[in-house]
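To keep things simple, chains are lettered A, B and C as they appear, and every chain counts its residues starting from 1.
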Amino acid sequence: MKRGSSLIVEDVRKSFGEGPDEHRVIDGLSLRVDPGEFVCVVGPSGAGKTTLLRCLSGLTRPTSGTVRYGDSPVTKPVADIAVVFQDYRGSLMPWLKVWDNVAFPLEGMGVKRTVRKRRAEECLAAVGLSPAEVGDKHPWQLSGGMQQRVAIARGLAYEAPVLLMDEPFGSVDAQSRFDLEDLTLSLRRQLGITVIVVTHDIDEAVYLGDRVIVLGGRPATVIDNLTIDLGTGRDQIGTRADPRFAELRTRVLTQIRGEKAPEQVPKAVI
Amino acid sequence: MSTVHGRIRGRILLLQVSAVLAVLALWALIGAAGLVSATALPGPAAVAARFPELAGSGEYWQAVSDTLRGAVTGFGAAVVIGVPLGLVTGTYAAAEQSSRLLVDILRSFPVIALLPVFLLVLGSTPSMKATVVFIACVFPVFLQAQYGARGVTPTIRETAVSYRIPRLLRFRRVVLPSATPSIMTGLRLAATTSVLVAIGVEVLTTLPGIGHMVVQDQQGGASAEAYAYILTAGAIGYSINLLSQLAESRLLRWRPPAHTE
Amino acid sequence: MFTGTLWKSLLKQLWLPVLVFAVLLVATAGSTSFYFPPLTRVLAALWTGLTGGGLVGDLLFSLRNIAFGLTLATVAGVGAGLVIGEVRLLRQATAPLLDFARATPTVAFVPVIILTLGIGSGPKVFLIFLGSVWPILLNTVSGVHGINPAVHETAHSYRIPWRLRLLKVVLPGALPQIFAGIRVALSVAVVLMVVSEIYGSPVGLGNFILQSGSSFKVADTWAGTILIGILGYALSVLLLAAEHLLLGWYHQRPTRARRALRPLRMRENRNEVLSP
């Protein structure tokens, strides 16, 4: 995998509508992700995380400010950035077989069929699926977790040094979620890619990231940027039991909770 | 496992056969009780008796082929013109918005009402029949193709865009397959309509075909034969429906199973 | 509250029909063709027919027949459809029969019915009923069948009596599909109305265009044809309005960001099911 460049966001504002109906989603947002980093972006629902990701990937243009990849501005999808969408069920094409789905980005690049198929099988294996078993099936025949792996495999097939993931494990059951988290970590380790994960799950963000960026406020902006010093060898049992893990997640949770008005925070009733 | 399944299917078949027999019995009863005149509703036995003779006569098959020829010609033209146009207008939203109201108005128009006008302009010819069939079929086909092209979900569209899939490939591998279910529905509707309109034209003009035979027979008092032709028309419509569903299930094998029994 | 977006949306949808109308107006203005008189002359014929000629009488005759026929078909179709849809055995047993009935082109019955029962209103209403009842019935069955089983189980676990269940659970649940069926039935009804009136009728719009056509009153023929189109369109808009009224919960309400009011438009027959 080739070494990518840094992804830089400078004072970005994104609003929808105009005049009195203008709805500012993010404002004055700046951040930077360097090659090889694993960054998680957290925030409460509706905070503009998905909007930010869409600006990063070139699917949307910011109203003002710039998103740069290396030296060039990102105004439309680029070859170096792959996106894994939240709705894997919706983003996999039902009429294509699994390997066809994975190879589709390559088809778009004009790669020949035999080469594409081989690459697709490699990517399927990389995400822990057996190409012989699932390659010729249709997406709906696989479980949710497996479908999300296929979506990730597709992102890998694109051979981009930067992987953006929008709440990738939210619709998957809890056990599969842990497996997929570890898969993502191992992929990053093996391939040396840059990964940016947008999530509302604080535990997941702290578990996965080298850094956690906390979004908050209306319109949203960066309210914290903390380095996760839990080491490089993360595992579901050890890391999550680590007291430092609890400290970090408490800090993030407090900031996010602080965004809510006191009456919005539910109190337990015995 | 298979015997249980087979037994259930056998039971359903039995039910269906008994339902058909029940209806036939009711039909015979109405005729026998004299509730309706024999010319309005001849008994099932009388109608059934006509079939062997009709099947042997060239006139019968000629009428069937006349109807089908008009229907198929109009239908074919409608598909060739309607599907591409629908796909194009469905892909470009601006065109779709502009044509929406116009197509809505034209779609709700009963094409058969154009018959007196068409008789004036084109006269009573087989090509007039095919033209009327064409106009009746082109709208459902066009609309369904358009609906299908528009129906590409935003997620899928964005996925294709984010992976920078070139436009032509996107059309071939994303829009077209996504639109196929809708197009197939349109074809199914149009196929049924084509036979319906063809017969309608034949009833109202002297153009040859099943409709004309029904008129002729009824006017000549041979209502059992007229009913035989009506049942033939029903059989044709039923087969078209069956064939379309078969084609659909073949072409759309990739579809996840919908609500099952 | 008229915002800029409302005007823009209306403009986008209206410019083409208005343009087409204007082009037709201008293009046919000086027409000397016998079969394609100037649009102005056709509209004038329409006007005179409606304001003094018997066209109103014809219109009311046709309207009354189609209204009766459709109403009867709806009542019978929904009633029978609810029962058949609910009783699984019945639905399975009658499926091929209903499919066949649906597939039979009712226009073929027109000569038989009119020649034996006469050219009055009754036979026409019967024909319209005969043709319209099947799509409504089949769609009702499909609508009932398609109700989420969880809904049934909930009603069952709360021991809701079957009468109330039918009225408050099954009927509303099947309503979207039923409306789709009525929309199809409407187009079938209009066709049958026209065909039965052309074939044999003393009055009515179909009869009007037949007479005008055979006496070569070309402008009148076009005028009558246009009026039939207007009638059909008006009925479908009415149906759509009724559907919006009764199915407000079914249609997604537009989000705040998309405030522009959309003019009444017709949905395609995506819900149409020809067999369960």
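Keep in mind that, in the parts below, contacts are C-beta pairs under 8 Å (C-beta built on N, C-alpha and C of every residue); 3 or more make two chains touch, one makes a residue touch a chain.
Keep in mind that this is a model prediction, so the values were computed, not measured.
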Message = Relative to chain C, which chain's C-alpha centre is the most remote?
response = A
Request  = Tally the contacting C-beta pairs at the B-C interface and at the A-B interface, and name the larger one.
outcome  = B-C
Query = How big is the gap, in whole Å, between where the Cα atoms of chain A centre and where those of chain B centre?
reply = 49
Task = Please compute the C-alpha centroid of chain B, do the same for chain C, then give the distance between them in whole Å.
result = 18
Query = Contact residues on chain C for chain B in the complex?
reply = 9, 12-17, 20, 35-36, 89, 92-97, 99-105, 107-113, 115-117, 145-146, 187, 190-191, 193-195, 198-199, 206, 209-210, 212-214, 216, 218, 221-222, 224-225, 228-229, 232-233, 236, 263, 265-266, 268-270, 272, 274-275
Ask   = Mind pulling up the chain B residues that touch chain A in the complex?
value = 153, 155-156, 158-166, 169, 173-174, 177-178, 180, 254-256
Message = Per the contact definition, I'd like the list of chain B residues that touch chain C in the complex.
response = 12, 15-16, 18-20, 23, 37, 39-40, 94, 97-102, 104-105, 107-117, 119-121, 140, 143-144, 147, 182, 185, 188-189, 192, 195-196, 199-200, 203-204, 210-211, 214-215, 218-219, 223, 226-227, 229-231, 233-238, 240-241, 245, 259
Ask   = Mind pulling up the chain A residues that touch chain B in the complex?
value = 57-59, 77-79, 82-83, 85, 87, 90-91, 93-96, 104-105, 107-109, 138, 140, 154, 158
